[in-house]
Amino acid sequence: MFYSEAGQFSTRYAADRRLFRLRRDRLGLGLLLVFAFAVVPQIGNDYWFSAILTPFLVLSLAGLGLNLLTGYAGQLSLGSAAFMAAGAFATYNFQLRIEGLPLLASFALGGVVAALLSLVFGLPSLRIKGFYLIVSTLAAQFLVPWALVKYGWFSNYNASGVISAPRLDVLGLDLSSPAGRYLLTLGIVVALAFLARNIVRSELGRNWMAVRDMDTAAAVIGIPLARTKLLAFAISGFYLGVAGALWAFTYLGTVEPHGFDLNRSFQVLFIIIIGGMGSILGNFLGAAFIVLFPLLLSNLAGLLLGGLIDPGQLENIQKMIFGALIIVFLIREPEGLARLWQQFRARLRRWPLRY
Amino acid sequence: MDFFLEVLIGGLLAGVMYSLVAIGFVLIYKASGVFNFAQGAMVLFAALTFVSLGERGVPFWIAFLVTLGTMLLLALAVERLVLRPLVNRAPITLFMATLGLAYITEGAAQALWGAQVHGLDLGIEDVPLDLGGLLVSQFDLFAAGMAATLVLLLSVLFNKTRIGLSLRAVADDTLAAQAVGIRLSRIWVVVWAVAGLVALITGLLWGARLGVQFSLSLVVLKALPVLIIGGFSSVGGAIVGGLIVGASEKLAEIYAGPLIGSGIENWFPYVLAMLFLLARPTGLFGERSIDRV
Amino acid sequence: MSLSSPPLLELSHISLSFKGVKAITDISFAVARGEICALIGPNGAGKSSLLNVINGVYQAQEGQIRFDGEARRHMRPHHAAERGMARTFQNLALFKGMTVLDNVLTGRNLKRRSSWIEQALGVGRAPQEDDEQRRRAEEVIEFLNIQSWRQSLVGTLPYGLQKRVELARALAAEPTLLLLDEPMAGMNAAEKKEMSRFIVDINREFGTTVVLIEHDIGVVMGISSHVVVLDYGRKIGDGPPDAVRANPEVVAAYLGTRH
Amino acid sequence: MPFNKALKPLALAISLGTLSLGAQAAAEQYFPLQSYRIGPYAAGGTGFFGGFIDYLQYVNANGGVNGVKLTWSECETEYVVEKGVECYERLKKGLNGAPAAATNPLSVGIAYATLDRSTADKIPLITINHGRTDSTDGRVFPYAFPLQLNPYSEVSAIVNYIGQQVGGLDKLKGKKIVTLYHGSPYGKETNEVLEKLAAKYGFALTLLEVPHPGNEQQSQWLNIRRIQPDYVILRGWGVMNPVALKTAQKLGYPTDRIIGNIWSNSEDDAAPAGAAAKGFISITTHPSGTGFPVLQGIKKSVVDAGKGNLADPKRFGTVYYNLGVVNGILNVEAVRIAQARFGNKPLTGEQVRWGFENIRLDDKRLKELGALGLVQPLKLSCADHEGGGAVRFQQWNGQEWKLISEWVQADRALLRPIIEASASKYAKEKGITPRDCAKEI
């Protein structure tokens, strides 16, 4: 009796496997990509490319990296910035020391180095759980920048330990203009985001979520806990490493180890809390929020209050709002902006009917 | 040998200061299972409020009491607005909520009192005492004395008073405690307020050393490894953990620093804590829990 | 399946204690291939602990487990799963943040051959295998009649349905031995009946051996071919349902506790 | 859903906020201020930008620069690099048509991150008393100005001062000097040149790092006690300074043998240490105090008019505030000099750059500015973007700083080849062709 219906299902499995099941979603995404790749470079200006869009994309990628680990596999980390630093400095050294290595290969290798490092600091996760794990990730957070400052080799013996970006050439195209850097970042981020979506929908992604939701049960049904956790650390490290390299090279153009301090790790964590844990889209929403919100607030204050509040005070207020938002999201909407977006879309589908 | 002893004693005394911060954590963790990252921000908030009042001419004890009152209000607000809505959620969620709380508290402290550095003089000369060739800091001895007093006070509070008994009941078994009529919300407020008191005292001692300013909130980072080593749920563990961290990081800086490079104190305690964790996943004094299915 | 074939599962002299408190004392019994074996006994008799020992969630201090021809002092959960054991839990151990379909798919994780990289890039063995996995999962879902909730998050489903999803997840692994810890707890009579039918169907259609814990003696006697009775961590009865029902020690235990 | 409703006005606000930049031109010269008033280094930021803004107000109150009014807007960086970059990108286009004269981030990290951008956008990047040392070479770094004092000059002057104290540079041989530095790029920057100086003069140098932020220095000072150095050079920043002084006292190291560098020299560095700071020596490029005519002028036309930028008026005349005033004087002077060539109108960054490169401050001009004794004589050029290289030494008496030396000059001739070598290495890495200064007028 089971096999009788198999034939009619087989076409649907392939459809089920597709990245986005709904046609409208696919269409929307396609349009968005066309817009981002073709239209934005035409209409954007330097400010938008260098100060908003590029950091937004890089932070989205960093959020994605942490989300794979924390949102999907349930392993809390406060060391994201350490792995970003590792990726940035590794990429720099690959470019510096291997003549003629293509830029994209350097990014990938930088990511691999960060992945290996992340794997090492993930080893304690096999023995300890929950927020005990933050001690291991914090060890990485403090150890890695220290080592990068301490040992001059990492920064090619620059007196102050600062590295600067190599020329941004991809396949002979010079991408060092603001728009070029934006496009380079966009290309990498989009490709990696698609890959991430594939991963979380594969067996590995399900295993991550199983470990997150109940690790004893996961072990009972035969999921190899150690391998699953370590893969989460490694893949997350890879994403963070590439994000770090992009941060250093396509965004700032220069970076010092302390640019990847604990505050950066918190920033990435806030992106996934606000954006939505266990969601790919959430990282983009969260990063957009983190990048845009301070700007909106200062613009708004300037506009409405005409400079009545001094900028320092505004920053304090912003800090308080951030803190409050984190708590509100944790209480009211643990799945973050991504969930709000889904609800909004669901309402849109019913529109104009109210209910 | 003398030098070694000096380093060791200096380290142990520095460790007492770490323990102070860690005690605040332990209190809250015991009563509400929350790993309160905002403890550092509370230290900043308390110290800044106290100093700013003092600078406006408020006498010492009144400033102290007003600050304490403020910390009580903070405790009430935290219970009402953070803990109660998040009851029964995963520990990780609660931890992240305290990150948000830390942001709010830091922002509020600086919005209210400004960002400049304040000096704080508790009237203790910090000239070294010469004990048979060993130099020992008077101030550190004073701080150690304060810590000891505080621990004594806390143990009286928890062992001899009714509220202490209820607190221990809650720590042992939350559901059972509720069943016998202990009101969880009251316990939480009390514990957070006591943690506020600890934060104030910590803030005064640290503030007298560093000046009262933003980086006070960073002392939280020193307390984390202390907690891991001592275990989250034991005041005694926090003291021992603090001593271990203080002594070992100083010794490591002096004796290992020349080999691998100086300035290792930021990460050394964490690596040490990690090794401890691998050997004893629940800390020196923590209790082991069995996963039930 | 002939009488001469060795039992699928054989426990010999199993003892387990927690911090010095004995939970199970010297228990031995065998489960034949293809049978439905029920573990019964009053609360706290050690039934769940025994189930946990069988698939390695707990490690017994003494004794030996022989499963499918392989003898082991300790079982490990992962090894048990690889060897063909699947189970459900007394208090549901589903992955609450995932959909029904995904939960069932996790049950098939040991049937994967393609690497995660193949799957992530959608190359090599992965796509074809993926279709196969989904087909099998859908079969199980259909078999247990939970199609309507395929895409629902399990955390949002009612208790009875969650029980069924957990059974589906276990079944998806195509186990040789299925361990069910109170599969009908908290269900009404109609639901119990339905669940009993599923268990019997599974046993018949796939030849899966079942070991289950159940309190409802009526249900137990109706579906099982072999009953093991525990009391205070000891075995007090073992045999066909009718024989066990006639055993005076068993009757005493049940009357004594007024279950 | 309140979130969606909230989005609309926010989106409107951001578009208005960015649009307003393109509005109608005015006869004003604009200073984009990447200021920081909160965070761990807020004390420096509020003082510096307070003094800077007050000086700009003072100039406006007296008719502007040849009739061109100065305007500015602030953008909070929190001393965080990427915020500084965002501020740079936001402000660089000017304000309501008023062109940007120069950027003054007062942060090494932000300066590094905006160095390339400044060159590309042709806006001078002013790093007074700090910044990248090799940017002194204006041929390779046409738009970067480590005015008055770069980090190498700073340590060179300190070593020269110690030489004076011990009775001549030749007496430095065999002396022991410890440098306690902040574990950051800023802290590390001078280690290399200190080692060169140690080799040249034959003193024993020990470099000790204090991890950021510097809350704990017990072991470093224990080490110092063991070494028993003749002097300790303190390269601190923020909380590290008072903690150093307190710890020194605790371990019995004499305070008057500790010499603070340029970022360890403010009231905020000494005062929080209380009595432990008494006797502490530091360098400064400018005295604190309110006696200078320019400060009196600011007091009269800005502070007393209730327009002073300081939240705490007691900080008027302090080290950071006065540094802000000095910075204001130099920026405005550059605009004034450039106006003499390009006309009395708002100027582009490129034109202001020419002004900076032609700053000539002698005693006569300083007197006119009311800043004699506040600013050192300064002469910049296309090749030399630093200009001064002299410091005075001051000592903390428990209440305020007292000057204890005349100007002590760095050995700039010794440093120049090191700087040029470093600059040309950078030029090579980046593919920059150095300017030919003979062709610049």
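Observations, loosely collected:
Chains here go by letter, A, B, C and D, matching the order in which they are written, and residues are numbered from 1 within each.
The criterion applied here is as follows: contacts are C-beta pairs under 8 Å (C-beta built on N, C-alpha and C of every residue); 3 or more make two chains touch, one makes a residue touch a chain.
All values reported here derive from a predicted model rather than from experimental measurement.
Each chain gets a centre from its C-alpha atoms; the one nearest the centre of all protein C-alpha atoms is A.
Placing every chain at the mean of its C-alpha atoms, the farthest one from subunit B is found to be C. Centre-to-centre spacing of subunit A and subunit B amounts to 33 Å, using the average Cα coordinate of each chain. Mean C-alpha position of subunit B lies 37 Å from that of subunit D. If each chain is reduced to the centroid of its CA atoms, subunit B and subunit C end up 48 Å from each other.
Centre-to-centre separation of subunit A and subunit C, using mean CA positions: 40 Å.
The set of subunit C residues touching two or more other chains comprises 57, 89, 93. Within subunit B, the positions touching two or more other chains are listed as 110, 115, 261, 263-264, 266, 293.
Contact with two or more other chains is made by residues 37-39, 42, 46, 183, 209, 211-212, 311 of subunit D. Listing the residues of subunit B that touch subunit A in their complex gives 35, 81-82, 85-86, 89, 91-93, 95-97, 99-108, 110-111, 115, 221, 224-225, 228, 261, 263-264, 266-267, 270-271, 273-274, 277-278, 281, 291, 293. Subunit A contributes residues 46-47, 50-52, 55, 146, 149-150, 159-162, 164, 167, 251-256, 258-259, 261, 263, 292, 294-296, 298-300, 302-303, 310-316, 319, 337, 340, 343-344 to its touches with subunit D in the complex. On the side of subunit A, the complex with subunit B involves touching residues 76, 124, 127-128, 130-132, 134-136, 138-139, 142-143, 146, 150-151, 216-217, 262, 266, 269-270, 273, 312-313, 316-320, 322-327, 330-331, 334.
For subunit D in complex with subunit A, the touching residues are 1, 3-4, 10, 13-14, 16-18, 35-39, 42, 46, 74-76, 78, 80-83, 85-86, 88-90, 93, 108-109, 112-113, 115-117, 132-133, 183-186, 188-189, 191-192, 209, 211-212, 311, 422, 429-431.
Residues of subunit B that touch subunit D in their complex: 3, 6-7, 10-11, 14, 110, 114-121, 125-128, 135, 137, 139-140, 209-215, 218-219, 222, 249-250, 253-254, 257, 261-266.
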